[in-house]
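One structure is given below, represented as structure tokens, and several questions about it will come after.
By letter and in written order, the chains are A, B and C; residue numbering begins at 1 in each of them.
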């Protein structure tokens, strides 16, 4: 090789060529894969919503089809803190982003409500978001047609301890929410998460042993969010 | 070791000569990157909760190390020595970004589980270590074999640790329950068997690696350290 | 204020880089044979984390994130450069480490004597890049929070390496089974320390 590799000009030239090649390669790949990645996120969200209304055998492949079948897109709405309808599109609201954004006043958060119809009866799906021990936890609560009891719930988490806090996504925990009352005679009812087996009140769910902070996080996020929606339901 | 390898210059050498084979086999036991060279441990421990994760991680490392070793080796006569570390970093980082984008597009659930640990492949010492110690001084083909060997050695430890953790900790193998249903209380669980939740937690990964080291060094006494 | 203390304590004890995430294990194992070198490397990690995380935070919030470039004008508001974050972070870290090395050598030769040999090692220490990636993932909302997180994690890492070095100095006198000597026993001790640190995890501040 005749080029002197130690010359400054060579070093600079090499660096510039490298940056250009690497930069354009990465940009091309990122652009090319972007549609697939965005679709994945949409599909994941639809899967979560479908799981909350207990649709069986939802997979990445059929999620969009099933979503179109069960969800009444025209009736989905977005509420504000006071339980009033705003004009926004429910599916476009990213509550995770709003929850994390500390510059956004709590009063300005948006509350999307999805409406589904299964075998002629309506279900209302409410997304919830909160904090566990290690990071964000979130989920979807489906409310029955009477708008007074819970039909189903799903929870998920980012990095709770496996075997402890992470158990909130298991069915033995989420199934406890089924048929819990959220509103009685026009009043909101809080669902308490209690230590395994303790508590006598009817409005309770057994927490996860060893996952107290995560369980409390679930209680807090469900309580905080449901208040807004019950307010709307009772209008 | 690198001067030794420089001799592989004869063009007629078969693709799988004795020396080349050694490149693949050595990292599997006596020169294992994780348990002996103490490289790439961070990721080896953090993502070994399930076998699937361990395999995807190994695959990602193979992609980065294999391609990176070949690229660095092809460019080895062109890279200005003063900025060679930066060049190596750029190559690793670019390849890792590609892996990350591909995972996000085609294996989104896995990408979510591995989260920051895909990014941390950049600082996986195995990769920079092999670039510097091997690819900078060798031709592309031996460099590729070196990558194969080191990934196998790395993956071997990862899979072994994740086997222990998934089977004993979660009672599952590739996500399939082995001992019956824990919640429904069937199978072995009915007889009083319990999954050891501790095994899923971080510290057990360290014990698992220690056990592997113990077995390995007990078999090959020459590897024993003084202190 | 409580927020900051919370973030710092979390970084030091609860989400300790070594015991909870195993970040920076390579140098942690390699440089923990004596307390003196461990203190040097630990201090260097605190230092570099404290400098690089805020810089990367600025980069993330004003260049890389989706919509971060809106300060340049409306036409840039939809740009999303987040796919470049790995390469930008590592470039920032590598160049800052280089810069710090030169500055320290020139203006604080005594400090350079203590930290000098460790600085190049740090560019490829997982905990530094890990710090940047966690910062990105957890989306700290102010630069103050990001810096506090960096200092906290640095101190946590420092604690871990100094503690293990102290134990390793003493363990020389113990009769460890031969195949476990060195690396093996260090892994086991780290595991035990990790269990001890897990007891912090129930604390909510």
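Please note the rule applied: a residue touches a chain if its C-beta (ideal position, glycine included) is under 8 Å from a C-beta of that chain, and two chains touch if they have at least 3 such contacts.
Keep in mind the model is a prediction, meaning the values are calculated, not measured.
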item: Chain pair bearing the highest count of C-beta contacts; value: B-C
item: Per Cα centroids, the chain farthest from chain B; value: A
item: Separation of mean Cα positions, chain B and chain A [Å, integer]; value: 33
item: Where chain B and chain C are represented by their mean Cα positions, the distance between them in whole Å; value: 22
item: Overlap residues in chain C, where contacts from two or more other chains coincide; value: 83-84, 87
item: Chain A residues counted as touching two or more neighbouring chains; value: 22, 26, 30, 161
item: Contacts with 2+ other chains: residues of chain B; value: 86, 90, 94, 97, 101, 115, 201
item: In the complex, chain B residues that touch chain C; value: 35, 38-43, 45-46, 85-86, 89-90, 92-94, 96-97, 100-101, 115-116, 119-120, 122-125, 128, 201-207, 209-210, 213-218, 221, 224-227
item: Chain C-touching residues of chain A, taken from the complex the two chains share; value: 22, 26-27, 30, 100-103, 133-135, 161, 212-213
item: Complex contacts: residues of chain C adjacent to chain A; value: 15, 83-84, 87, 138-139, 141, 201-202, 204
item: Residue ranges of chain C in contact with chain B within the complex; value: 19-26, 29-30, 83-84, 86-87, 90-91, 94, 123-126, 128-130, 133-134, 137, 168, 171-172, 177-185, 187-188, 190-192, 194-195, 198
item: Chain B partner contacts - residues on chain A that touch it in the complex; value: 1, 5-6, 10-11, 14-15, 18-19, 22, 25-26, 29-30, 33, 36-37, 40-41, 44, 158-159, 161-164, 170-172
